[in-house]
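First subunit A sits with subunit B, and in the next complex the same chain sits with subunit C.
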Partner chain A sequence: MNELLAMPREWLSAAGEIGRFMGTVLSDVFGARVLRFSGETLRQAGILIISSTLIIWALMFVLGLECGIEGAYFLEAQGAPAYSGVFAAWCDLREIIPYAFGYMLAAKVGTGIVAELGAMRISDEIDALEVMGVDSMVFLCATRLLGSWLVLPFVYIAGIGGAFLASYIAVVQQVGVVSSGGFELIFWEFQNPTDFLFSLTKAMVMATVIVLVGCYYGYNASGGPVGVGTATAKSMVLNLVLVHLIGMMGTQIFWGQSPKAPIGG
Partner chain B sequence: MVRSVAERAYLPARNLLEEIGDMMILTGRTIVSALRPPYPYGGEFVSQFLFVLKLCWFPLLISTLAICYAAPGLQAANFLTLFGALDRLGGIFILAAVREIGPAVTAVVLAGVAGTAITADLGARKIREELDALQVLGVDPVKNLVVPRFLALMVATGLFNVYAILFGIFGGLAAELVNHQPLGPFWTTFFENADTTDLWGSVVKCTVYGAIIAIICCYKGMTASGGAEGVGRAVNQAVVLAFLAVFAFNYVFTQMLLATHPEILVIK
Partner chain C sequence: MATVEQQFEWHSGKNRSAGVPDAIEFIDVYKSFGSNKVLQGLNMGLPEGMISMILGPSGTGKSVCIKHIVGLLYPDSGDVVVHGQSVPSLSDAELFEFRRQFGVLFQDGALFGSLNLYDNVAFPLRQHTEKGEEEIAEIVNRRLREVGLGDAGQKMPNELSGGMRKRAGFARALVLDPQIVLFDEPDSGLDPVRTALLCELIKEIHAENGGTYVVITHDIMSARRVAEYIAVLWRGRIVEAGLAQDLFDSENPFVKQFLSGESAGPLGME
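What follows is the complex of A and B.
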């Protein structure tokens, strides 16, 4: 019986730890304590732009292409190829592109933070920071969170643009089931600024959670070089589960059972 | 000036190409040493397979349920409600769960959960110089470490795909129930549209994903270097590369399958 209960108890205590850690980092950011290290914040934002942006866009673009071909072939089979735009618009903006963003962010940025902070923890650099009187939580975690908040909305918006372009290329140029104007008419008709805002909210919640989970696992890494690798792998597990759950809850809350489409009742 | 710019652009490109070439060589060596006797990797294969199974079943369950409930479930149901044709959701689930989302989520979870664990494991062995010690003892690391992981991940990804499709359909059922629909029409349209081509396409696709993930993760683990940060960085690069490779392959494969088997597209 005890063995059966050991695993849920472990999960619960880990969830509590992570929750407390996230609360501390968020209060550091909102309490403006992070502003003491605004230089470091900007440096983290710069690193994010230079090292991760292109790769995140690449995955979003590829998934935009996939939305395009699936939509084109599916609606061609329905006998309504002119409506490929609906599939592309909803698939891109509402569902798949936030997931693509979450996946690549978890893979590139999340594990990158774990590897970096974990290495600092193992080589006692974090303790050295504390000894020098620097609040290591603020300096390492809060600056990364604020840095990602500064950059990622724009990365995501530009990435959505890339995915739209990819869907257009797939539907109009590659499969060629609908004319350019016909595609665009339906495509823009079936989305609105609210959808865009909801999609952005979804992606930013994912981004916040991913960065915080990465910071948690890196900050609390232990067990030598092997421990850093294990912590990196573990962070990826939690991130993937959370990305999917956030995506589901976002859809349920924002769209639920109202289509928000320009046709029908 | 021109020279330095050219070098900055040229070096990363050359490194990337070299890495891809090395991975191809590793793939070839893995396949050859998997087929050529002796076969000492049976025990390791079983233990790796069970390891992947134990690690992945729960994240995969939650992920497929969540994504299939939300994306093809709720959103497609929204679209179909406009026409009063909610019973058609079963047909959409063939497209969504079986052909596209099932394999994609399986690949993402396997790469993120099992792939990272494999890279961390092999990377740790590389850092502690265990791989060199194995070679000194006359044990081939490719045959004894890479081959069992390659085979285990291939088999596990292919089988997990069926599991993911199953739970994806549960997500669809949940979406139907949320919309207060009877489940009978869902199953009717589902099985009317179901096609063996779709299923084998999905399983073959996923098996190849497993091979891609295994090669990338083993390669990155075996070439990890640079102490504590090295293993973490290896895991990071492995999972990024695996995602990109899997989705690039997915695009090509889906395109080929749809273009060469037009009969699976006919809505019945």
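What follows is the complex of A and C.
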């Protein structure tokens, strides 16, 4: 019995620790302590742009195509091809695109942070920072969070544009069941700027959590190179779980009561 | 399991005073990681202005000692005092200020992998001083030349050999003219000639800049070359400490065995 309880107890204490860590980093950002390292923040933002933007857009684009194709064929079979735009609009903006963004961010940015900070931890670089009188949590974690806040909203917005374009291409050009005007009419009718803001919010909450989880596992890595590998895997698992939790809760909160299509029951 | 008396049979704890005040003092320090008791009532003083060496077998907690001195680890009980200040009782803000008097060379150099050598050495200057790039360049290049890396400034740490990384870490540790410099095994993983050269370097730079140096090692040759004061650490306590010559003449069986590197004696494989 005791062993059975040991596992959840361990998870609980880990959750508490991660929560505290996240709180500290967030307060470093909001308390403006991070501004002492604005150079490092911009450097991190730059790294994010150069190394991760294209791959995120690529996944979003492919999934936009897919939403378009599926919607078009499915609705054609039901005799309502003109409504392909609905499927594309919702599939893109509400669900698939935020998830695609979350997945790629977790895979590319989250694990990257764990590997980087973990390597710094096991080679005493973080201790070296501390000894040089630099607050390593602020220097390493808060700068990465702020850097990603500076960059990721734009990456996401541009990615949505790409996904919409992809759906349009799929429905209108490839499957060719609706005219361009017909698609657009329905497509825009079934969404509004608030939807767009909700979607952006969902994605940014995911981004924040992914970066913080990555920082936590990297910053607290131990046990040599193997330990860093294990921490990377753990962070990926946790991030995928959290991405889905956030996606689900976001949909319930933002669109559950929507008069256009209440899915909250 | 050996009884407490057996474990500490050879620990006379004898401390032959060096005749100068201590810069760093450990007072009855205990520290465990889980069930692993690392420091078990450590009492140690390291004299001001000298090159002290902490000698001891692998895994006795030498690196743990260094981390206590700069407040990266806190004792479970006992106190660590540096220049009269109790380290565990410093607040976070005070601690960051306090650490500026130190230069620390970590066991593997701990250079920042994302910065080249020049930027690594310039890092503390850029963080803590208002110096312009020109002045920084002058200081950094001088320090790099001093450790024989004058033209390696543009290299990345992963392009360097272990010895070069250590020397670069040395340059970085010295760049803010610290009053206390801590070296964690500057000689491990180096060939005998490089070790000798590095020891010379430590001595030269100490002679030039002064300050309190604490060098951790388990290499007796290095100890013979540079130590002015020696503390022998084993099982989390001092076996004996004193001026280097006194320790080399010590009659204590453990100290004798360790300083002559013999296999027969109190220290086994355990």
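One rule holds in what follows: the second predicted complex is superposed on the first by the 257 of 265 C-alpha atoms of A that agree within 3 Å, B and C clash if a C-alpha of one lies under 4 Å from a C-alpha of the other, contacts with A are read in each partner's own complex, and residues count from 1 in each chain.
In this section, a residue touches a chain if its C-beta (ideal position, glycine included) is under 8 Å from a C-beta of that chain, and two chains touch if they have at least 3 such contacts.
For clarity, every value in this text was computed on a predicted model and none was experimentally measured.
Participant: For A:103, using the defined touch cut-off, is the partner it touches subunit B, subunit C, both, or neither? Pick first, second, both or neither.
Facilitator: It touches subunit B, and subunit C stays clear.
Participant: Pick one for A:132: touches subunit B only (first), subunit C only (second), both, or neither.
Facilitator: In the superposed model, A:132 contacts subunit C only, not subunit B.
Participant: Does subunit B (first) or subunit C (second) touch A:241, or do both, or does neither?
Facilitator: Only subunit B; A:241 stays clear of subunit C.
Participant: Determine, under the contact definition given at the top, whether A:62 touches first (subunit B), second (subunit C), both, or neither.
Facilitator: Once the two structures are laid over each other on A, A:62 reaches subunit B alone.
Participant: Is A:111 in contact with subunit B, with subunit C, with both, or with neither (first, second, both, neither)?
Facilitator: In the superposition, A:111 contacts subunit B only.
Participant: Considering only touches as defined above, state whether A:14 meets subunit B (first), subunit C (second), both or neither.
Facilitator: Neither partner.
Participant: What's your read, subunit B or subunit C touching more residues of subunit A?
Facilitator: B
Participant: In the overlay, answer first, second, both or neither for which of subunit B and subunit C A:157 touches.
Facilitator: Neither: A:157 stays clear of subunit B and subunit C.
Participant: Classify the contacts of A:90 with the two partner chains as first (subunit B alone), second (subunit C alone), both, or neither.
Facilitator: First partner only.
Participant: After superposition on the shared chain, which partner residues are touched by A:229: those of subunit B (first), subunit C (second), both, or neither?
Facilitator: In the superposition, A:229 contacts subunit B only.
Participant: Do any residues of subunit A touch both subunit B and subunit C, and if so, which are they?
Facilitator: 119, 123
Participant: Would you pull the subunit A residues touching subunit C in the complex into a rising list?
Facilitator: 119-120, 123-125, 127-128, 130-135
Participant: Looking at the complex, which residues from subunit C come into contact with subunit A?
Facilitator: Residue list for subunit C touching subunit A: 67, 70, 72, 96-97, 99-100, 102, 104, 106-108, 110-113, 123-124, 127-128.
Participant: Can you list the residues on subunit B that touch subunit A in the complex?
Facilitator: The touching residues are 55, 59, 62-63, 66-67, 69-71, 74-75, 77-79, 81-83, 95, 99-100, 105, 108-109, 112-113, 116-117, 119-121, 123-124, 127-128, 178-179, 227-236, 239-240, 243-244, 247-248, 250-251, 254-255, 258, 265-267.
Participant: Which part of subunit A faces subunit B closely enough to touch in the complex?
Facilitator: Listed in rising order, the residues are 55, 58-59, 62-63, 65-66, 69-70, 73-74, 76-78, 86, 90-91, 94-96, 99, 103-104, 106-108, 111-112, 114-116, 118-119, 122-123, 224-226, 228-233, 236-237, 239-241, 244-245, 247-248, 250-252, 255-261, 263-264.
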